[in-house]
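Shared between the two complexes below is subunit A, which pairs with subunit B and subunit C, respectively.
Moving on to the complex of A and B:
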């Protein structure tokens, strides 16, 4: 599944418009503790988090993730989105909860990140 | 990080990389002010004003292997998440000092964690380095200073198993005696 297809599946919006959505999503992960995600995430992971500061983009960049998904329509800081655009990390937003997002991704066969 | 002691372990590495000779780690619980303060101060090479201005951004790093550094940014974010704040001062040739204030009772404040293991890990990995650790609870303090210990031991390395075992007990008893809660 590509990021564009994931966006459709979740009924999500892209907060940093213009970013490339053709990347393949390899796995999915849900966690808000950034250091934990640093240890668990992998290249291509779609990451769901309620955190909205710049450090999120740094972790996603570090691990070469496919996208970041922000649940419950949580507002994301402009500086976070600017950096996400620069680093070419799509930031998706949806009104769904992390639980619902995880359920949808799981139903389409996305699994845990493999290091 | 799930525990504040892991931040301390991580940030101490910055001081070692900066060729510091001494690192002061101060942990202070002030129950009346509902505050937990962590200060790290070293006499390393310090940072230029330009680097310092951007050091809390995760896209600022001295690493050459990757462009992202999250040690200081995650520490700052954790302090702010608990309703606290973060401040850093540095001067080239003098050193660096950073202070994070946490709201002691905040549900989003990570626990202090295992400071005994943190200090022991640091000392074993750097047995000749001068670590000065102070843990204070409402004004009462416990101090662990590796230079003092080295002087008393007169040449016995700090990473000798018997010395490590003694240091663990000393740290454990010293910290427990203050009845902190963090």
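Moving on to the complex of A and C:
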């Protein structure tokens, strides 16, 4: 599934419009502890987090993730979106909870990150 | 002689630029053609150590060197040093303040993540003086 298809699945919006959504999503992960995500994430992972600051983009970039998904319409800081645009990391936003997002992704066969 | 040698200063509490040294290191290594699995391990280590400097130190430097067969990160800070190194190396143990935990840091995974991902990991610390971490990665 591509990021564009994932966006449709979740009924999400792209917060940094213009970013490339053709990347393949390889796996999914839900966590808000950045070091934990550093330890577990992988290239292509779609990462669901309530964190909205700059360092989220740093982690996503360093792990070469496919996108970041922000649940429950949490507001994302403008500087975070600027950084995301610069690093070409799509930031998706939806009103759904992390639990619902995870359920939808799991139902479509997305699994845990494999390093 | 190293092929590449660069020193990145990292300042205490600077969460805005935190991660930039790691991003530069990653870009440099990617250009050199370092394979993605190794690149990931080096990125985890550089990011964790960079954030440790921001969160826990009084400021310091990351000395990044690439030779024909290895990548080295030598990290030195200006203090305050780690009181109990054995505890600091334990997964889940952290001295990060509440404000930092609210940002998703302070999981107590930083040093263990570094040790797990580096081919060689060495840490020296003296309370009241400072901490020095050396990490090496083999290039095939």
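In this text, the second predicted complex is superposed on the first by the 115 of 115 C-alpha atoms of A that agree within 3 Å, B and C clash if a C-alpha of one lies under 4 Å from a C-alpha of the other, contacts with A are read in each partner's own complex, and residues count from 1 in each chain.
FYI, contacts are C-beta pairs under 8 Å (C-beta built on N, C-alpha and C of every residue); 3 or more make two chains touch, one makes a residue touch a chain.
All figures in this text were calculated on a predicted structure; none of them were measured in a lab.
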| item | value |
| --- | --- |
| Room on subunit A for both subunit B and subunit C (clash or fit) | clash |
| Contacts of A:53 with subunit B and subunit C, given as first, second, both or neither | both |
| Which of subunit B and subunit C A:39 touches, first, second, both or neither | second |
| Residue contacts on subunit A - larger count, subunit B or subunit C | C |
| First (subunit B), second (subunit C), both or neither touched by A:99 | neither |
| First, second, both or neither for A:64, with subunit B first and subunit C second | second |
| Residues of subunit A at both interfaces, subunit B in one complex, subunit C in the other | 33-36, 38, 53-55, 58-59, 61-62 |
| Residue numbers on subunit B that touch subunit A, as the complex places them | 1-2, 6, 57-59, 66-68, 70, 73-74, 77 |
| Residue ranges of subunit A touching subunit C (in the complex, touch as defined) | 32-36, 38-39, 42-43, 49, 51, 53-56, 58-59, 61-64, 79, 87, 115 |
| Residue ranges of subunit C in contact with subunit A within the complex | 15-16, 18-20, 22-23, 26, 36-37, 40, 43-44, 47-48, 51, 103-105, 107-110, 113, 116 |
| Footprint of subunit B on subunit A - complex, ascending | 33-36, 38, 53-55, 57-59, 61-62, 83 |
